[in-house]
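There are two complexes below, and they share chain A, which is joined by chain B in the first and by chain C in the second.
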Partner chain A sequence: MNMTSIALLAWVRGPGFHIALAIFCLGLVWRLIEIYSLGRDPHLAAPRHRAGASGWWTILRRSRPSAEHESMVSYLSGYTFHIGLILTFFFFAPHIELLRRATGFAWPALPTPLVDAAAAITVVALGVMLTSRLLDPVKRFLSVTEDYLTWALTLAPVVTGYLCFHHLGFSYTTLLALHLASVEVLMVCMPFTKLIHFVTLFPSRWMNGDHFGRTGVAS
Partner chain B sequence: MEVAIAKGTVYEALRAGGMSRRAFLQACAAIGAALALPPGSGRAIAQALTRTPRPSVIWLSFQECTGCTESLSRAHAPTLESLIFDMISLDYHHTLQAAAGAAAEEARREAMAANHGRYILIVDGSLPVGQPAYSTIAGISNLAMLQEAAAGAAAVIAVGSCAAFGGLPGAAPNPTGAVPISAVVRNRPLVTLPGCPPIGAVIAGTLAHFLTFGRLPECDPLGRPRVFYGETIHDRCYRRPFYDRGLFADTFDDEGARQGWCLYKLGCKGPTTYNACATLKWNGGVSFPIQSGHGCLGCSQPDFWDGGGFYRAAALPFGPLTGTAGIAAAAGLATGTAMAVANRKKRAAAKRAHQPITVADLEKSPGAQP
Partner chain C sequence: MSASLERGLDRFREALDADTASFFATCVRCGMCAEACLFYTETKEPKYTPIHKLQPLKRLWWREYTLLGRIAAAVGLSKPVTDAELSAWSELVYDSCTLCGRCSLICPVGNDITYMIRRMRDGMAAAGHAPPGLVGATRRAIELGSPMGVTLATLQAQIRHQEEATGIPIPMDVQGAEYLVLLSSMEIVNNAEVIGAVARIFHQAGITWTLASDAFEATNSGIQIGVSELAKEIVLRTVTAAERLGVRAVVSPECGHAYMALRWEGPDLIGRPYRFEVLHILELLDRLRAAGKLKLASTFDLPITFHDPCQIVRRGGVIDAPRNLLNLVATDVREMHDHGVYNWCCGGGGGVSASGRAEELRLTAFNKKRGQIEATGAKVVATACANCRMVMEEAIDHYQMGVELKGLTELIADHLEQETPEVAA
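Showing the complex of A and B:
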């Protein structure tokens, strides 16, 4: 540990976090308004089911495993790392404290060993996802730089948080600074990459389902 | 004027002060334990102190509150802390010496001349290099006095967070331009013992190490002895199991506080603070702040005054987040609206510029088959 890590921690807790939060909020509101304002052509056909039902059905249908579309590896590791991320981010006591300070809302934390295990499983699942992406020729062909970038952006806070909690490799101060810095980079990138799906995932599925519910395509 | 030059060994001085040989050996064993040395080290320390002359110590106090000295001199029972003053020949110390004014300064100079290259220089307080006039002693600036005293010192010990890192005088906006001792002392062996104040046993242990082995203990990159500052308060805290179980006190008077749960949420800086409070403790091993129900302030870390508030958790960001988020969201609203308007105009322009193509147009195009 040295003065650099302490100065870095002070910066990421202070100006760095505020810059990241500002870009995150600005980008998120900007992109959501822009997406919404794109609009859609008015539907001329009547829905084949009750209005909106096809949208909800599509949300459900595309969220459950489907052997004809994707491998079980993708489903299992995908669900595993998403659930792991949610548990780690929303139920680790220091994270809840941060959210409480930012939003005013708080809830009970999970026992730390549970969150610790969730983080470790998340890292493994993300590793499986990358391996699958690299080994599967179709996935590899379809992958672009952004896919690998977002993978790294997602992994970095989990790994640095895990190392930080266990004091592995560097001093706690250094690791905490790196952890916060990785979260801030993630916050900056979220609105401008496909990571914005944390907001758009279900609305876009609903809109697709609703659209197909008014065409000849069964949904 | 007659100056008390160091005479006799440490052991002789301790015996003259009424310490029995048994108590001396016990103290040596305690020092060895505090330094995390092997079990037999107490004997080695005893042998060293038996033949080591009492070193002359010049103690300089600059921009400080005297809390470090108070901490050391207020021990009620014979402890490691109290031993410090028996192990050394304290030839200059503002608060503790009888001499005053010109006589005191003369005593300092004579002691330095008589023990040139052999005395230990202890410094508490930071240096006002930005505005030297803020702290002078007998008309001498702190910087000049330190440079003069450090030149002949065998080792320099920066006691307390002010001397180690600038401390309170160095806190933002640092009106005096305060710097730590390490900013000036570069060519002498230097060890920093931060804390506000530092633990007395840490000072005693460091002195004993120097007297026994003739060198300062191994230090971390901040110049702190690893033996005392090698682990965080959090890692050695008896409340750590509550942190691991997610059990926290939310206020100082809730059920969690009464149950002795973790004080992380109340701003405890234990996770980022390297010190020995949780193991050596204070007041003869009676307690330490967390045991008394208050979170660690992180006083042995650089710039702990500017850490964003004592009652804000260690990893939490500074400043009002709602304000930042609100302003950014408003900016996002404006940007998004502007982009939406621009997109609509673009689409409208494209629609206006659109020219439908008929079959007849295609047939007229060059290369078309007749």
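Showing the complex of A and C:
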């Protein structure tokens, strides 16, 4: 069993990671070409003002919850898990060390107990997101298999990382291998599922803001 | 596959651009657009969630324009879009969407859902799934020049009445006038006083204007139903008349879609920029106000609120002008809770009011507006769209609200200083 987990760890650290990285990068490029090569119709109407930075402003503004919303659960848990993911992924010392070895770039880490708490809170927030998807009539109506799949794909690295750090359940080697494997599966799926919004969110908001901006409306 | 379905799906393919694909790819199905849509908030039926209304278009995109979707289609894991499905979606795309644009302003990932619905309607109409009421209006717009079947003779009769009522000549086909004024069918049929109102205001302000006998109708049902060729033809009528008469600007009337169609979609439809400016009537009136050319003799003192027509305010960008004008003429202006770009639709825009089968749903959706109006305590609602006005008048009667509707242009005209005051007896 120990040998199996060592072999698995070696694979996910070596070939597995390279395959996942290749699919992630090529998949992303493929998808972006697929989407943005469809082209845009020209806007020939004289804008009210020069649209200027309205697209860029919308990228920022849409992060701000709109107060009239009844979607506070979505906003709160959505914000929480996104911030939690960023903190745990980018500011956990071992992750930074890994990225430094891969890219040469490094930055200060957050104290480990803080990252630990962020991971736990992220798991709770994702739990709230799932509950809301199952209970809210609109979300339940809209949901397809992909929504539950991407939810699990997002949760898995956080849970396995948390268990790994606390040495809970399985051996450290097994947990680390599962943690890396879960990240790799996530990387493979990101370009081909709604998780691609981590990139396409920005052009989408920009297009929306630019369109509204031409007419003189700050979106 | 029937020929009409094939035509419709071809239109869907033409509708798919980088914007649409980006929006579809980015949607995380958070459902927040539901809360932005009055058809959902007033019925609580999840099928009215704005992004769901695009489902057939999205599936066509996924099946034919994405790697995974094409694989799924090839191995039979994804079903093609069928005629029965489009038929079922007709209610969602037409009856329960006024193209009001509120969802586009709320979507946290920035999806312009309204933009996509507008494009999807092109395919729905081509596939024969536009509502009969809207098809009729569009046919009349082609055959008679007006969706309500208003002819030049009808307009001329109304002009004569207004000339008699105001004592001011109403110019027709005047070469070299500064402004070409368009009217909507609703105004000509239901509310011709607005013609007199415009005449009085322009007379006082000393600007030259004209109507055009071959382009008096502004309503663009081509936009509403989603037939771009027709939308283009209607825009071209106005462009041709404006260029023939050599006007400086074309003035779009108190009609939401007319303004949006002419001001924002028109140049794209005809494939070139205009050689004249397009102004909404309220923009022109606001310019006259700023130049001190609107002289009022009295004010309107009852509590009054303003209903923002979606296509003029949220989709059109005319936000301050109505408020400047209302504050000029009225002393007790009460804004609704969500006003300006966040205003709620009357429920009848985007061709919904022309669709008989949508009537019950439209009246239900009006409850949003009803709540907004009642919360202000205003007894008069001013607006700047003849369609909003008609829709709200009907609903206000239906709910026996005891509220009166006023066009803002008329309201200004009612309080104008008389140029030649009558000598007191």
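Here, the second predicted complex is superposed on the first by the 198 of 219 C-alpha atoms of A that agree within 3 Å, B and C clash if a C-alpha of one lies under 4 Å from a C-alpha of the other, contacts with A are read in each partner's own complex, and residues count from 1 in each chain.
The working rule: a contact is a pair of C-beta atoms (placed from the backbone, for glycine too) under 8 Å apart; a residue touches a chain by one contact, two chains touch by 3 or more.
Remember, it's a predicted structure, so these values are computed and weren't measured experimentally.
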item	value
Partners on chain A (chain B, chain C) - clash or fit	fit
First, second, both or neither for A:82, with chain B first and chain C second	neither
Touched partner set for A:6, first chain B, second chain C, both or neither	first
Contacts of A:215 with chain B and chain C, given as first, second, both or neither	second
First, second, both or neither for A:38, with chain B first and chain C second	both
First (chain B), second (chain C), both or neither touched by A:17	first
First (chain B), second (chain C), both or neither touched by A:112	first
Which of chain B and chain C A:94 touches, first, second, both or neither	first
Angle at chain A between chain B and chain C, C-alpha centres, nearest 10 degrees	170
Which of chain B and chain C A:25 touches, first, second, both or neither	first
Nearest Cα pair across chain B and chain C, whole Å	7
Overlap of chain C and chain B interfaces on chain A (superposed complexes)	30-31, 34, 37-38
In the complex, chain A residues that touch chain C	30-31, 34-46, 48, 58-59, 62-63, 66, 68-71, 74, 78, 136-144, 147, 192, 194, 196-197, 200-201, 203-209, 211-212, 214-219
List of chain B residues in touch with chain A within their complex	220-222, 232, 234-235, 243-246, 248, 264-265, 271-272, 274, 301-303, 306-308, 312-319, 321-322, 324-325, 327-329, 331-333, 335-337, 339-340, 343-344
Touching residues (chain side chain C, partner chain A) in the complex	16-23, 25-32, 34-35, 40, 44, 46-47, 49, 51-52, 65-68, 104-112, 115, 263-268, 271-274, 277, 314-319, 338, 341-342
Chain A to chain B touching residues, read off their complex	1-3, 6, 9-10, 13-14, 17-18, 21-34, 37-38, 93-94, 97-98, 101-102, 108-113, 167, 172-173, 176, 179-180
